[in-house]
Each structure stands twice: as structure tokens, then as C-alpha cells.
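Per-chain numbering from 1; labels A, B, C and D assigned in written order.
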Amino acid sequence: MSEKKGLLKRLAEGQVWTSIFRGGGVPKSRRQRMMVILNSVFLHLHPVRLPKHAVKLKFTWCMGGLSFFLFLILTISGILLMFYYRPTIEYAYVDIIDLAEQVPFGIMREIHRWGAHAMVITVWLHMFRVFMTGSYKPPREFNWAVGVILLLLTLLLSFTGYLLPWDQLAIWAITVGSNMARATPFLGSEGPGAALLAIGDINFVTMASDVRFALIGGRFLGEATLLRFYVLHCIGLPFIIMIFMAVHFWRIRKDGGISTPM
Amino acid sequence: MTNQQERYYNILKLNKWFAISSLLFAFIWLLTFANDFNRPWKKYQIEFRELEIEKTRADIKVASESLESNEDYSALKSKLEVAKNEVESNQEEIDSFQEKVQVLEAELYAINQNYQFAKADLDVAKYNFEQAQHGHGDLESATKTLNNLMVLTGARKLKAEIIKGKVEEANNGLKTLRQSLKEANDAISAIARDKNLLDRKLVKIDPEEMTFSNKIANVVRDIPVLDFIDPYYEVKQVVIKDIEDDMVFMGVPKVDRCMTCHMGIDKKGFEDAPQPYTTHPNIDLYLGASSPHPMNEYGCTGCHAGRGRGTDFISSAHSPDNDEMANRWEKELGWHPLHHWETPMLPMKYVEASCLKCHSGSIPSKAAPKLDLGMTIVEKGGCFGCHQIDGFENVPRPGPGLRKIKSKINKDFAYKWIYEPRSFRENSWMPHFFKQINNDDPISVKRTDQEVHAIVSYLFDKSKSFKMDRLPNQGDADNGRLLINSIGCLGCHNIEGDERGASLSVNVLRREHGPELIKLGSKTTQRWIYNWIRDPQKYSSETKMPNMRLSKQEAADISAYLISQNDVEFEQNTVPTVDENELNMIASDLLSSTLRQDEVEARLNGMGLDEKLDYVGGKLIRQYGCFSCHNIDGFEDAKPIGTPLSTEGSKLIAKLDFGYFHDEIPHTKWDWFNLKIDNPRIFDMIPQEDDSYKIKIKSPLDKLRMPHFGMNNQEREATVTVMMGLVKDEIPPSKLPSKTERYLAIETGEILIMQYNCKGCHSIDGDGDAIQPTIASWLSEIADKTTAEDKSLVLSFSPPMLDTEGRKIQPNWLFKFFNNPTMIRPNLQVRMPSFEMISDKEWNSLIKYFQLKDGQTIPYETPHTIVKNSTKYKAGEVIQEMGACDNCHFYGNQKPKQAALTWGPNLALVKERLRSEWLIEWYRDPQAIMPGTKMPAPYIPWEEPIDDVKESWGKNVAKLHSNPEKLIEALRDYTWGISGPTDVSRIVKAHLASEGYGFVIEEDDWGDEDW
Amino acid sequence: MPEANKKKSVAVPPASPPPAALGKTNAGSEVTRRSFFSWLSIGWIAFVAATGGFFTMMLRFFYPNVLFEPVQTFRAGYPEDYQVGEVDLRWKGKYGTWVVRESEGIYALSTVCTHLGCTPNWLSAEQKFKCPCHGSGFRKTGINFEGPAPRPLERFRIVLADDGQIIVDKTKKFQQEKGQWVDPEAFLKV
Amino acid sequence: MMEAFKHLIDTLSKPTILVSFTFIIFFFVFPPTDWFDKWHRRLKFDGLWSVKSFWIITALLVGFFVFGLGDSDFRSIMLKPDNVPIAGLIFLVFFFTWLSMNQAYNNDKLVEAGQPVDEQYDAPNDKILVWPDLVYIELITIILFSAFMLVWSIGLPAPLEEPANPSESPNPAKAPWYFLGLQEMLVYFDPWMAGVVLPSLIIVGLMAIPYLDNVKEGSGYYSFKDRKLSIAIFMFGWLVLWNLLIVIGTVLRGPNWNFFGPFEYWDSHKIEALTNINLSEFIYVKWMSSGLPGNILIREIWGMVLVLGYFMILPPLLAKTWLKNLFDRLGVARYSLFIVLILAALTLPIKMYLRWMFNLKYIISIPEYFFNF
């Protein structure tokens, strides 16, 4: 026993350990407990001290944290899925079949899909909680707006991912969804006012030049759509959502941490 | 003083720099947009648009001029004016009608809507009723609702229909009032339709004709950034899903953008426009929407090759036809070959290569004459003997069998011939192996002298003996010459040593099917020739030479003629003596490939001179691949020695060794092939600055050994065309000619026809009859020059044309004829030979070919029957009598009345030989079936007054008089009934011997009084 | 450290005191103020323009110059190719379209039954389209009159090309129940 | 008995009944004003947020699902893999609504009693260090949640239907479930409204909340009394216009977007009479019995006047009368934004009722320019 304890202790006080974990050792004193947060790039996301209701689940529901955690799960499982999935109309569907049939831990797809649905729900509930505690009130108005954008991006991420299995469920959900873009006023080929954007015989907003086209890369759902949604899903939207997440977290801290009664 | 503001730079300066850098940045952005906007193809589209505008204007001018001069048009115009006035005068009435219609339609709208709604409710009620019957819901109330709604719907429908009737009535009133105006308008627009279409087109493309807003749109649509919406100038392309570009181990659907610049390619009317706007020269065969290769389904690069996705002159991999063109392109277009693309565009001279991809079974010779020629050269030259080429598996070896060579020639001739065949026979297909660029130095010559000795020795040693009959007599050489000229030898052989002429064609090559028959006196003996032509199969069972059924005397005469010429110069060539030392060296080279040096010496010491010669000869025959073209004992199963060529056109260019010639010729496959064929050993050489060559260091056995065929430029081009067409592209069945029974039959038939050179004598669908010029010259000899210039006469002495053979001949007769040819046209000297080597299966294929080609799908038919005492038959008798058919035709053994010159087939043959339907066709218009035939259309008196007919043609003809078709049938039936012996050859022979052809007859043969 | 010192030593303040911050004018002389203002505004205008260029490029990038979509329009020959009163079946298999010629003009009907998407047959003797699946019947105009089909057949856009040929464009559909058949492109007047 | 109950549920869940019932009862459950609050308490709806009610409602919900899963039609809808999250959503939304309202009512009581709210703390003495408490509970939450995700993933395979076939649309073709609220709106609005304008307004409206709600109280703790109006409006949007419509769109819409009760078979042959007409037809065809005028402007002028009046005249009118207090509190700018958002949101129930009562299709109908409202 003593031998073992000594070993751990020696390890925790050794050069390697202390070089990685600044301070080293198990934090016990108040100062150490503060330093362990301050010194870690990850834990540094948190403040050092908090009002006590901030650790009460009854108050926070932990929905913000879970949303972020789900984002991490989705990022990791998504990256793993990318190793087996090819975004072409020839292969997309069969690759999904293979995830279920032969890929080791093809359950990754389930984790990704249900994680995505769960994230939509946790983000909604997070917003609900923030509203119910009135946490959008000054000085947190802007961060609420950022949060709304994050909610929108979450939905868009889920929406773009919905197409990728390239099955009937996917393309018809996206067809229904993207057909609405066709009705955008002035910018959609079947939107009000689009017919007015014309000079002479030339119509400027057509099926091949409206917003829906930019979204799906064609007049009809097809190869280009799959590729566009794939790129948006894997690179474009994650890139944007990470920027907004950074702002969101930064502003939580700068706006005074978790909201408290005045 | 401290810097209170903690500043370093002057902010004004920074502002300035900020402004400058931003301006620069903005300017660079402008450049970026300009760069993207400026695409190489745009200038061509702009230019083509001008061309199109110009053309449309010209067309409009023509159209309106023709309209102006059209009387109907001006008449219609004034009619329109009248109609307009009329309608105007009725305006009040029209207005009242219109008002009425408006009111009624409003009413109808409401009532109709009510009806529709009731009907919708009724549908729901029906559904609910069904559901209730199924146990969901209250049946009673559902039934009640349903019944109520049925009544309601019915009532509303009735009401709506009444109003509808009223509306129609009013509308009809309106229509009547406006009828004349509408008619005039319709008539005018019908007559001016073409011009209106042109007008509309011009308004779309010509800014000068556009409305103001369209003028603006015309500019706006093509400005940078906005040019995605509906640009006038845009990349055009066709995507062909099932033709794929080879992307190494996989295919990618073909995308061709050629029409982005070649904008006129599929539009008629730009035939004379400059490139790249020219219309395709053969738009009915290619690109046209109704052609067999429409642009949308076949694209461009499937045939032309190149990089279809290219939108720039260079990136689309254009290839020039020649150096002059290359230089011009470099100067004018900055052209350079596109590297890193394996399939550059085929130069126009090789473009027919691509036909082979899909049409390898049956080359469309009219559309691809060069490819056809190339395929013939490959077959005649025997390329497929050394190089495996798909599709040639069953073609027999092109050279004569050498198994009984001893009896045919002597060793001296063999030596000289092998050494240099063309020194004896200028256009021989036997290629040169010796005295080539890589073996004509003294050391090599010393060696090759002995090599040939060894080969000859081997061949003669292995040769079996051939038991020959004696000549009956010396033969008459003069008669022999006439026989050769007349019986058909010249369908496959040349005899005069003619030049081929400037332009080579497949037809010329048909007469090189067999060897040229000159100077045989230097080659063989009369006795051998006599025995050979009497029965070729006896000498060589593999020969393609048919049996001409020559009599002993004929054969003697012919052999006398053939032997009469010799080549003194050739005979004087000396044959070097056998040199055992040199032989030893060759033998040891050959042996050392498998044995140690000491073993080699031991083996050599154990061999005598003859043994050595045989050993070396055998090895060299293998080395040079002689067995590829000749049947030689001991090489029955030898494998081809050359590179397989089945996919040579798809070979990576890196796999072709340009050696030291990479700067001498363009770096293309076709130029490499061309040089290789022109000078097969050249890649053993190192070119020098003074145009001489030095040879690479190579052992004699490692040297390049492909022989030299002495092809001229045209032959090489044709051969390279074939090679470029031997590609591994996978063509989907949808793009191939559909493999119907007919297609397959024609494919098989054409191969046989080529193999046995049928078209050397016969013409089929306008191709063949290679023998005809020699028939003409023979005629000029036995008659006179004017006779020889009479095309129809030459035709009547030529082998028959086989255009409608399938419809014409009864298959059983044809099969019998093939196996045992008999006389049909008595005046012919040309004989159908006996092809003893053709199997029953092949004959069947040929018969099927003729039948299916003519749409004759069933081989067995109910025979045509006649009733001899019928009106028809009797009428036919009169018609044949009046037509004097017996002037030219045999009736059994009854000789025709006129001279032999005009004789036609024995009519006793008709019943068993011809098909009755065809005979009708033939009687109706012989010229339609066989243009230029001497056979006149029988006179049928159907246009004459009935009384006259009755008087001069009798009652039977008069009965059928009104129906010319029946009269023709009558003649047919009579002919059908003619019987008698069918073989009249003895009578003919006797007649010709005593009276000749009677060429002197100059007057009209047919006697005016009968017609 | 030495570098910082060096900087400090070089940092001699300019002769005239510079304005305090970007975009805000200092209480300097009129001349400085004007020149400052104009340079800055030129700078910003140019910068915004350049950034606009970037975003324009991004936007334009999403609209390719060619499309690889299957062709949805086809040329259906000339109006004269069609007999008045006849339902033409030649485009049924390849393009799923019936072309009907009436005395007034021509229209193109979709061959998809509005009930469950089967392909009805044209029965010329009875002058109706009859769906083999569930027996829906449509008149020659495409109007449904029997069976379960809920609405008339759809019509495609049909116009005349420059060369006088008929062009049928399947991307644009006209539905009778929406009142779209009165659209000039739903019916080609001849 | 069971069948009768199912039939009752089917009938009750018809949009007309379900939505009307929700509309009526909603503002008594979440009273926006004192008047409603009075009735709220009088109707004992405040008891909803007690622990006892929680158990009763949970038991009812669970009971309903357990009962429902016995029915094949219900099962085939609810157990469709992508619909499973909705079942979860129903429970979660109820639970968290209850949780927040429960805490809010407790806090309200504390405030009334003059005591500090539950979340009140004495800064900075009451602060706690993050290490290890927060970090630790986060770790535990993550572990539990990960375990939950794995169980979910093992238990429910992700759906994969037939390969995509652009020429064969399933009936009904549905968007992902979280957009089904929008798709449900398509029944009443043209796509440009349901798919573009209203979603945009939702985003804008959500982002505008902090700027419109200028009540200082209620920041940082659960409360209801001081924020009655904002919470009621938010709840209306969140619970009714969003979650309820999602449930309707997912569970109650079948082939041809026809309505089907939760225990009803999705019969693709079911017919609903399409007898809707436009306002212009009402006026010109039904009442004036003249045909529709050819001129679009004349034809649609009535609808335009109505819509313009709704959005331009109603706000100032309300500001003067009903919403005087609110107007005073918010000021012109905030009030304008607020009222436009509210009026836009109200167009949905308005159009629903116009459709149900008068078969009204469009108030303004200009299909020529794809402009239908």
C-alpha cells in the first residue's frame, strides 16, 4: 500500500507531471483549487468561483453544457463517419448500409443521428431555461441573440445532415424543405415579386438563378445537392457555429457568468 | 517628453497607407473579376452571333422577296383589309355579344364553383359511405348525406351545363362575326410562316432589332457576376451518360463542349463559314437530330477523340493534319500539343479510325473508305499473322502454302525471291526481311546471305513431292491469253504488271487477291502451272484459289501463255555460295541461347553441313515468323511473333519507344506507327546530322525484325487508321448498331465475301466488279473499241450484279448452283468458279446474307403455281409473243433468234431459279433493279384503246387490259410455264464456235415494227 | 527587452500631434482634419468595395456556368407533325408526355396519373385516358371524370423555338385546379 | 369501451378542436394579465405546478402512451425511429415547463412574503469554487448522458428507407420533424409566408426579446408574477405555435397531408373536400354576382385594404386603447416592433379560423406573381 501510494505521489510530483499539469498534485488548498481552473486551457472555460445555484441542476438543467457536449460527440462521431462515407449518389446510400452491416462500431451512425436530434432538443430546452430565468436581460441581450443564431445553426446542421443517407426519407425531407426557399420573396423563382425582376424578355430570378439553386446546386435535388450539403454539414456550418460558440462562451464570462438575481 | 498617447506611427500616414492599400486591393479585385470573365471561347461566340445575324438577315431578305412576289400573299393582304373593315362595321354587334359573354361567364363561374364544391363534398360523402360500410361510422347518416349530395350535385351540374351552352352560343356568334378576319389572318400567317420564324429569331439575336428593354437586358445578361442568370454567351455541352471517358480502371460519362466554339456544327447553312463555325460536312450521317449519330447521344470526342471538356483551342487537344498546319496553328493560335492527355484529337486524315470501335463487324465502306482500305491491307498484307488482331482469328494465312514447294520452284529462285521479293514482282505483298537499314552493312549481309540459304534448305528439305499430270500438248499461248482475259482470272489477278495508279482503292486491291501472274517463266514450270490451275486443291488444300473447271486444252493453253514470259535480269542475279564458317557462327548464336559454350561446340561438331543448314533454317523461320503467312511443316502451332495489336490504338504513348527519333517526328502515336510501317527497322538506328544513320549496338538476334512492306503514303495512312481504331473502349450496346439477325447475317456474309473476293467479279450495292475494266479491254480485242466503250455491253459481258439476289433467287437453287455452277447467261465467257473449299455452312451463311439483306426473312416458300388454260396464261403467251422474248432468250434448247451478243438466260430456268414476286418487279422496270441492263421492259398495251387491243392482242389480253399489274402477272405466269432442258452449254459452244458473237450488228436490235 | 528599448528611442513624436483614434477627428487644425477625413474615407470606401468583391465572388461561386442535370426539355418536332384531334404517343416512353393537337393549338400532358402515379393508356376508341391501376379516367383535355384520381393530369410548358419546333419543358407544370391552364405557356396556339 | 375511447381521442385531436381548446384554455393556464390571473387562480390552474399535479400528469401521460402503444396505428406512428425524439420531447417539455413554473411559483411566494428568492445569495460570501463541485457534477452528467446516448443508439437503429428516387414521392413527404411546425403552417399559408417570412420573423422575434421585454425584475431567477405578459407570450409561441404544431405535423398528418387521429389508419384514399375560396371570390362572385375583374389591383383591393389595415391601422388604434399601458412602457420603436411581431404571429390563428369557418383560402390572391396571403 505504502509502496503504491508513494509511487503515485512521486509521479504527481515528478517533472513530467508538473510540466503538463501546472502546479501538479491534487488540489486541496483554496489557492490550488483556484489555480487548477486558471491553469487549464479547458477548465478555463469556467470561472474560478460561482454563485451556488449555478451548480444546482434544478436551476441550470445543464442544458447548455449538454448542448456543447453533444456538439463534441457529434464532431467526433462525424469525423469518424467521414472515413466510411462518400458523398456521391452512387455510394452514399450503400455506405450507410455498410455502416450498419459491416463497419466495426457502425453504431457511430446511430450516435451521430440521435445525438443530432438530442442536440436540437437540448438547445431548445437551454433557450427555454434561459428565458424562464430571465437571463437574457441586460447585460446579456447580445449573448441571447448569439444564442438564437446558434439555435438556427444547430437546426441547419441537422437539416444538412438529414440529406446525407440519400434515401427516400432524406431527399423528400430536403425537397420539402428546400422548396420553401423557392418561395423567398424576390429571390426565389416562385416567390412573390420574382417575376418583377426582369428586363425585357429576360427573367432574372429563375430556377437556375434563385436562392434555392445556391443551396442545392441545381434546379433539382441531385449530385450537386449532396455535395453541397455534405460540405456545409462537415465544414461550412461547423466552422461558423464554432466561431459563434466561442463568442457565446466568451460573452458568458464577460457578462458576469451565470445570471443571478440582482 | 513622453509619448502620452503611446503612439509610434503618424496616424495620418497610416490612413494614407490604408487608403492606398485598399485602393490597390480593390483594383486587384477588379482584375480578378476581369480574369474570370475573360474566357477564350467568348470571342468565338460573339463572332458566331454576328455570322448568325448576318445569315438570318440574308434569309429574311430572300423570304420577304419571295413573299412579295407571291401573288397569293398580296391577295390575302387585301382580303385581310376587307375583313378588318367588315369586323369594324360590325363592332356594335360584337360589343353587345362580348358584354353578354362577360355576364354569362360571371354567372357560369359562380355556378361552376358551386358545382365543383358540391362534387368535392360528394366525393367525401362517397368515401365516408364506403368507410361506414366497412364498419367505421354511421351508415345511415352517411347514406343520407350521400344521397342528398348526389341530388344536389346533379342539379348543379345541370344548371352549369345550361349556362355553358349559353356561353358557347354567344361565343359562336362572336366567332361567326369574326370568322373572315380569323381566316385571313390564319392564311397569312401560314403563308408567311418561314419569314415570321426568321423574324422572331432575328429579334432574339440581333440587338438592333430588339426593343429598348431587351437591348438593356442583352447587355445586362452578360455582364460579369450577373452572367449566371441567363447568359447569351455560355459554355455549351452535351453529357453522354453511357459513353465513358477512360479514367484508368473506371469510366466517367463523356462531356463534350466542342460546340461552345464550333457553334455552327449542327446547324445547316454554315457550310461555307470559316472554322470553327463550319457546319459538319456530313450532317445527315453525324450530329443531325435525325441522323444515326445525333449530337446529344454521341457527342464529338467519341469519334474525334480529344479532351471534350476543353473550352480552349489548346486544352481541347486539337491535332494538326501535317507540319504545315501545325506551323500555322502555332503562329496564329499559339498552339502546342497538349501534354498529359492520352487521347489527343485524331487528325482528320485518321478520323475514320473511330468507326472501327463500333462497326468492326461490318465496315461502312462508303462512309469510311480509308478504314475499309486499311482493313483490306491488313488482311492482304497479313499483319494479323504476326500481330494478333481481334476479328481476324479465322482469316486464313495470306501467303501460299509451302509444303510442296519443291515441285513448284527451284532453290535458286527461292533464294532470290526471299532475299528481295520486289525485285521480281514490283507490287508483291511478300515483305522484305533483308537488305534493310539495320542489316545492310557488309558484316550483316555476309550473315544474312547464309540465313537465306538455311531457310531455303529447310523449306526444300521438308517439302513433300507432288504428283503431276503430263501436259496433253504444248498449248496455244495466244488462246491462253484470251482465256485469261475472258474467263475471270482477272477478278483476282493482275497480269500486265500495271501500275496501281495514283489512287489506291479497295477495288484495286481485289485484283491483288492472288499474285500477279507475270514472269512465271523465271519462276516455275509449265507443267506445274497446268496441274495447279486444273485443280488447285490438289496442290494445296488450304488455297483460296477456286477451280475454274478448265478443260485439259484450256489449261494447257493458259499455262503456255503464263510460262512464256520471264525476267532475264532477275535470273542473272547470282546466289552466293554456302559458307560453313558463317553458318557455324549463326548456329552457335542460336544454340547459345539455351546451351553452355562447350555444349554448343559439341553440338556443332556433331552436325554435318546439311544438318546445320536445316537447324539454322528452322530456327530462323521461327525468328522471322515466316509461318505466320505460309503453311510450313513443323510450325502448325507456332505462336505469332509480333506485338498484339488488338488494343494498339489505346496503348499509352509512353509504351512506344521513340528511341533517337523523339525530335525527328511529332510525339504522337500515329506518327510513330507511320514511321514504323514506313521503315520498320528505323528504331534500331541513330540519326546523324547529315541524314545518314548509325546503328545501335545489338546482337543479330536482338535486332528489330519486322519486315518492310514497301507501302506508299496512302497505304500507310490507311493502315495507321486501322491501328488507331484498334482501341479498348467499351461501347455500351445502346450505342452499337443493334445486333439483329439481319445485322449479324450481313456481318458474317461480308466477311466471307471479303475472304473469297466475291466482289472481284460481282458488284453488290454499287461496290465491287473489279474485273470490269479488263472485260472492256477484252471486248475491245475481240470486237472493237466502240463495243468496249458501250457501258451496257460491257455490263452484259461482266459477271452479274447481285443487288437484289435475296429477293430474286430461290435459296435451294442458289445452294445447288454454288455447289455446281452451271451456265445461266449464255453469252458470258466469265465463269463462276467452283469454290470447293467453301463449306455448306459458309454457303448457307452467304445465302442468308443475300436473303436478309433484301428483307427476305424466310428461306422456304410455297412454290408459285400456274394454270395453263387460264386467261392469264394465255394472255401471257400473247405478250411474250408480241414482245419477242425468244429473240434473246433460250426456251429450253430452242436457240434465240438474234445473234449471241444479246443472248439472255434460258427461260426454262425461271421456274426453279427465280422468285415469282421478284419477276414481277423485274418485268415492271428492269432498269430499276439492274441499271444499264440490256433487258427492255416488256411492252404492256394497257394504255391502248380496248378495241385496238382486242383486235391486235386477242381477247385474253383484252380481258385483263384495264389492269397492267395483271398483264405483268400474265407474262410472269407464261414464263413460269416454259420448260425444257436447262443446260444449253453445248449449243452455245457450238454456236459461238461457228458464228461468234455477231458484234457487227449496229442497228437497233429490237426491230421497230414490234414496238 | 532591448528591442522594446530601441523602439522607444526611435519613437519621436511627429511635429504635429496626431489624432487620437481611428475614425474620430481630433481637435486639430482644419487642414489636417480635412486631409485626414478624405484619406480615411477613401480608404474605407475602397476597403468596403474590395470586401464586397470578395463576397460577390463567394456568391457567384455557388452558381456554376454549366449544369449536369438530365435534360428536362425536349424538341417535339413541328406543329404540322401532329394531326388535329389526335393524341400523339411518340414521346410517351422517352419523355413521359402526350402531345395533343386540337384545332386551336397544342398542349403537352404528363403521363403520370394524379391518383398514385401509374401511367394511363390512351384509348382512342373511347377518347379517354384510362389508368390501368385503379381505373381513373381522364378526358383528352386531361380532366379527370371517373375513378379515384383527385385532379386532372398536369400539363407541361409548351412553346415554339426559334426554328419553329415545339419545345416541351417538363420543369414547369400547370395544374388545372389551380387555374394554371390559362397560362399562355400551357397551351401553344397554332 | 377501448374503441370508444380511441375514437374520442381521435375526434378530440382534430385540429379544429385541439387548437381551439388550447387557445381557450391557454391564457388561463399562463395568464398574461391580472384579469386572467384572477381566473387562473379561481379555476385552480395554479395547482398545476404542484408536485402532486406533476405526478398525476406524468402518470396520465405515461398511461396514455402505454395504452396507445397497444394500438397498431399509434405504434406505427410513434415508433417510427425519427418520431421517437418527439415522444421524448413531449415528456421533456412538460417536465421542464413544470419544473420552471414550479420554481417560479415558489419564488413568487417568497417574494410576496418579503423573503429572498431561492437563487438569492450573498455575494461574494456565498460563492463557491468551481473545483471540484461544478467540474465534478459536469463529469457525472457527461458520463450519464453518454451512457444514455449509447443505450439509445443500441436500442433504436437509425432509419434508412429505400434509396432516393426523385420520381417517386412518398405520401406524405415530410420535412425533418423539427421543421414540421413550418410545414403545418403550409396548410394555411403560401410557402413564402410559412417557409420564409414567418421563420425569419421567429428568428428576429427571438432575438428581439431582450430589447422588447424591458421589465427589470425577474433576471437570474425563476419567477412568473412580475413577467406574466412576456412569459405568456413566449409560452404561447413555444408551446402552441411551435411544439404543438410539430406534434400535429408529425403525428396527426398522413397521406395527402390529410388529418388522421393518433389511432386512425393512414388511408391514402381518404378525401377531404377542397372547397376553399378566396376573399375576392367571396366579394365579386358570391356577393356582387359579377365576375372577377380582370384587373388584379381591383380584384384584390379588398384584401389589400384589410391586410394593410391590420398591420398599419390596428397598431396605433391598439396603442390608444387596449395596449395603452404597454405603449407607454415600451415607447414608439419598441412598441412598433412588438406589435408587428405579435400581429404576424396572430395571423396564423386568424387564418386557421377563417379557413375553418368560411373556407377562406387567401385574403389576397395574386397567383400571377406568386403573391398569396
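One rule holds for everything that comes next: contacts are C-beta pairs under 8 Å (C-beta built on N, C-alpha and C of every residue); 3 or more make two chains touch, one makes a residue touch a chain.
All values derive from a computational prediction rather than experimental measurement.
By number of C-beta pairs in contact, A-D leads when A-D and C-D are compared. Chain C has its Cα centroid nearest to the centroid of all protein Cα atoms in the structure. Chain centres here are Cα means. That of chain A falls 24 Å from that of chain D. Annotation: 32 Å between the Cα-based centres of chain A and chain C.
Centroids built from CA atoms put chain B at 64 Å from chain A. Annotation for chain C: residues touching 2 or more other chains are 63-64, 68.
Multi-chain contact residues of chain B (touching two or more other chains) are listed as 204, 228. For chain D, residues that reach two or more other chains under the stated contact definition are 168, 269, 271, 274. The residues of chain A lying in touch with chain D in their complex are 27, 30, 33-34, 36-37, 43, 46-55, 57-59, 61-62, 65-66, 69, 73, 89, 93, 96-97, 100, 107, 109-111, 113-115, 117-118, 120-121, 125, 127-129, 131-138, 140-141, 144-145, 148-149, 151-152, 155, 158-159, 162, 165-173, 175-177, 179-185, 188, 190-196, 220-222, 258-262. For chain A in complex with chain C, the touching residues are 207-209, 213-214, 217-220, 222-224. The touching residues of chain A, when paired with chain B in their complex, are 198-206, 208-209.
Interface of chain B with chain C (complex): residues 1, 3, 5, 7-8, 10-12, 15-16, 18-20, 22-23, 25-26, 28-30, 32-33, 193-194, 197, 200-201, 204, 225, 228, 234-235, 237, 239, 255, 257, 289, 296. Partner chain A is touched in their complex by these residues of chain B: 204, 210-211, 213-218, 220-221, 226, 228-230.
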